[in-house]
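Following this line, the structures themselves.
Common to both upcoming complexes is chain A, partnered first by chain B, then by chain C.
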Partner chain A sequence: MIDMNKKWARFATYAVGLLIGAGMWQYFGARGNQLASASLTETFSRFIRLIENGELPTAVANSMQLYVAGFSAAIIAASALGLLMSRIRFLRVGIENYVMLLYATPMVAVVPFISSLLGPFFMAKFVVVFLFGFFPVLYNTLEGGRSLRPELVEVATSFRSGEMALWRDLLIPYTLPFILTGVRQGAGRALVGVVASEFLVSSSGMGGMIRYYDGNYIIEGVFATVIVLTAIGVLLMWLGRLLEDRFAAWRGLNR
Partner chain B sequence: MSDAGSAAGSGSVEGTPRIAAKAVGKRFGDLQVFKDINMTIGEREIVTVVGPSGCGKTTLLRCVNGLLPVSEGEIQIEGTPVTRPRQGVAMVFQNFGLFPWKTVLSNVSYGLKLDGCPKEDLRDRSMEKIKLVGLEGFENSYPYQLSGGMQQRCGLARALAVEPSVLLMDEPFAAIDAQTREILQFELLRIWEMRPTSMMFVTHSIEEAVLMGHRVVVLKGRPSSVFETVEVDLPEPRGRETLSHPQFNELREHVWANLMDEVRAAEFEVN
Partner chain C sequence: MTAVTQHSSMQEETTLRRILRSAAFAKIIVGIVILLVWQLSMDFFAADYVARPLGIIEALPSVIEHPRFFPAIKNTLGAVCVGLVIALFFGVIVGVLMGRIKVVDRLLIFYVVGFYAMPMVAIVPVLTLWFGSGGTTRMAIILFAGFFSIVLNMSDGARATPPEFIEVARAYRAKPWHVWFGIAIPSAMPYLLAGIRLAAGRALVGAIVAEMIVGVPRSMGNFIRLEAGNLRHDEAFVAVLVLALFGVGIELLLNQSTRIFLPWYRREGRGA
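After this line comes the complex of A and B, so read on.
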């Protein structure tokens, strides 16, 4: 048995796993149906070409613009609404069921509807990304805000805090880690929203590239784009975890 | 320190008491918690309120703070009726009520900040109280890094920071282990001697009530009301030696005898 507690042993296992994966990709990619597969080396050389001719960087910039616009709007709107709902009872009782329903709905199902409602324009894509990112943030903010202990609210009242100061001193700092959990969950979903809208609303960005190369049986072009999406997804997850840990130090150790 | 003792006694004799409850009652819907409560607390006096669990002593304290409205009668602080929490009244909470995302320093300066204390004074004034309660060196710690006793020291410093003329203690040491509780009781007495205020101290511990109070208000009955007010004439300042004073034992047994039948009844009610 290899001792997995040794650093070098873990690293070696890691490397062997990657090598086997790369080898299998190369072997099956080269021998498979040329209209439905591409080898590692083919994908890599296509990747270099797509960067050199500027197609991939342009598409990434395009998609990320959509992502940042839609998701940041979603974060702001969802956390504001979530905080309001956690403090105003009738708002919570009135809207809560819709939030649960929409949180559970696979958002991709409503993309065609939004597309036909708003036309094949940026606005429709923006709304799609917004909706993908909105509900995880709202759900988590609401769950956080309402779990604020009543004793702490009583302390604030006892020290004559107004509602504004209560938000500043209690509600927002307490809810922030919950909001960030929502942001981390929403980050991945919003990326799905970007690709879905580029598939289904109108062709553009990385989603557009995938559609184009797939339609023309240039599978290495599809793979090269997907790898970039994977990298972005991993980066976002890492960033989300970092943010969450940074602001949730007191929460993790307190429970 | 004997003058501190006489000053404490004089509070109840002076013109207007700092806290006055006049025929106060509280109902939650159909449930009458307490009724017809009359008491006064002088400006340099510690009055403890003792009674069995569920007798409404904490509810009474919340009414004095203005966190809850009374159903009958009136509570006055410095002659004006209490309708909401007011400046100069600070509470120490049973479960400390510290904000876990704030350091000791920010927790202590919380009330000062709300009172509009200028930024440049905030730190100095908070640090002064942190030193007073013996938390120096821990000002940048978070509550989860502190023991229960230290957390309540922080809660006490937060209340003292606003320089209150009325200090409300809601079973402040109930959630703390026995040895630490004893230390904190004497600490609180020491701090009070340095800076006497009007203090209302709610507890279910008879021993604590007799040790801390210049007078002990015994609540009893359902709904509860004041069964008796016991004058505690123990020598001041009080300390560990007070616990072995013959009069201390006498008073403790007296209060205990009065409450025992009630506690028994409550026990059988549950069964």
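After this line comes the complex of A and C, so read on.
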């Protein structure tokens, strides 16, 4: 029996897994209908070509611009609003259920409204990405506010802490891990928002590339773009996890 | 006499204060304020066709009588439910094996993480080429959206099975599959519920996007897109409300089942 915990055995199994996948892709991609499939090598050479002629980098930059603009606005707005509501009990209790409702609503359903209101412009896409990212952050910030123990606020106020100091030394540090959970959840959703808006509002960026190559039956172009998009998704997932773990220790231990 | 009236007015005051401080009161007031702000801001600043509360109420009867409305609900939500059940069945099996057998984990982890992180919307156009423009494409997206979140959470949960449980089982000569299905799955239930919650949300989004892009006939995505495109926003919004309620319904169902079936579980990190 081989010891599967040995370093070489671990890498061997990873490699076998990747090779099987690559082999299957190559085999089925090359044998399938050329109008509906593409093999690994075809996709790779198209990928190189798309990078050389600058099409893919431009599209990535375009999509990421939309992503960063929409999602950072969502993070700032949602965490500010969430913190404010955590300080006002009446508001927090009153709005929790409505935020939950919107958190659970599939935001794609409102894309047609936004595109018919704002037209096929950047602003409409910005709003879509914003909405995809906004509610996860707000929902988690409010959860942080709910779990803030009143004793802590009491101690702070009995030491005559002002509102500013209370925010700086208690509210923000306490809620930060919750906000970051929201950021991690929202990061993936906002990326879906980018592609959905590029599909449904107006063609641009990576979503536009996918639609174009799909419409022209150049599947290797679609695959190359989807793989870049997936790499961005994995990167964002990893970044979000890193950020969340970094501040996880700030969560109260006995909740 | 004065003492009595004073006493009763004090009592009234405390009940009034209790009402004012109650959560239900806060929820109702905030709800009314939201609706008012929505209605008034739309009345003053937006075009006539934009959705607003009174318009939605007005549109309600005509939407309910709309011949495509209920079939669309049944069609979309039915597909989501069926897809989730299939994804759950296979996702649990693959997830348990990944969590308990290292080789399986190493063979599959790249694909599971990759497909999980891939924005599923992006592959709708290709799936349309493969499966045609109908329910099959939508089902593929629902499975795709649901399966990988369940696998990831299930394998996390199976990996976190307390080693004492497994030691005891081994001591009684349990077969590996007894450990997988008799111990790993039940002890991973909280992870699995987190996975289902995630999968349900993603599957719903995937289904709607597929319906909008592909134009699946008699579906909610198509209904919303057509009505909104024809500037009948109030009508379209009724469908969005139905979707929101479905989303909340799943959330409540999962919370309730956590409380009833898993009373031993304290809410901590809520899975991936």
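One rule holds in what follows: the second predicted complex is superposed on the first by the 244 of 255 C-alpha atoms of A that agree within 3 Å, B and C clash if a C-alpha of one lies under 4 Å from a C-alpha of the other, contacts with A are read in each partner's own complex, and residues count from 1 in each chain.
The rule we apply is simple: a residue touches a chain if its C-beta (ideal position, glycine included) is under 8 Å from a C-beta of that chain, and two chains touch if they have at least 3 such contacts.
On a predicted model such as this, the values are computed, not experimentally measured, just so you know.
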Check your understanding: Quick one: chain B and chain C on chain A, clash or fit?
Key -> fit
Practice item. Would you sort A:L118 into first (chain B), second (chain C), both or neither based on which partner it touches? Key: neither
Review point. Touching A:L91 in the superposition: chain B (first), chain C (second), both, neither?
Key: second
Check your understanding: When the two structures are overlaid on chain A, which partner does A:A30 contact: first (chain B), second (chain C), both, or neither?
Key -> neither
Exercise for review: Return first, second, both or neither, reflecting whether A:G233 touches chain B, chain C, both chains, or no partner chain.
Suggested key: second
Check your understanding: Between chain B (first) and chain C (second), which, if any, makes contact with A:A73: first, second, both or neither?
Key -> neither
Point to revise | Partner chain in contact with A:I51 - chain B first, chain C second, else both or neither | key: neither
Revision key, fill the gap. With chain A at the apex, the angle to the CA centres of chain B and chain C, rounded to a multiple of 10 degrees, reads 80
Point to revise | Dominant contact partner of chain A by residue count, chain C or chain B | key: C
Exercise for review: Return first, second, both or neither, reflecting whether A:R160 touches chain B, chain C, both chains, or no partner chain.
Suggested key: first
Review point. For the overlay built on chain A, what is the smallest gap between any CA atom of chain B and any CA atom of chain C, in Å?
Key: 8
Study note, to complete from the structure: Per the touch rule above, chain C residues touching chain A in the complex are 23, 26-27, 29-31, 34, 46, 50-51, 102-103, 106-111, 113-126, 128-130, 201, 204-205, 208-209, 212-213, 220-221, 224-225, 228-229, 231, 233, 236-237, 239-240, 243-244, 247-248, 250-251, 268
**Study point:** Contact set on chain A toward chain C in their complex
**Key:** 4-5, 10, 13-14, 16-18, 20-21, 35-36, 90-91, 93-98, 100-102, 104-113, 116-117, 188, 191-192, 194-196, 199-200, 206-207, 210-211, 214-215, 217, 219, 222-223, 225-226, 229-230, 233-234, 236-237, 255
Study note, to complete from the structure: chain B contacts chain A in the complex at 65, 67, 84-87, 90-91, 93, 95, 97, 99-102, 110-111, 114-115, 142-144, 162
Practice item. Could you please specify the touching residues of chain A with respect to chain B in the complex? Key: 151-152, 154-155, 157-161, 165, 169-170, 173-174, 249-251, 253-254
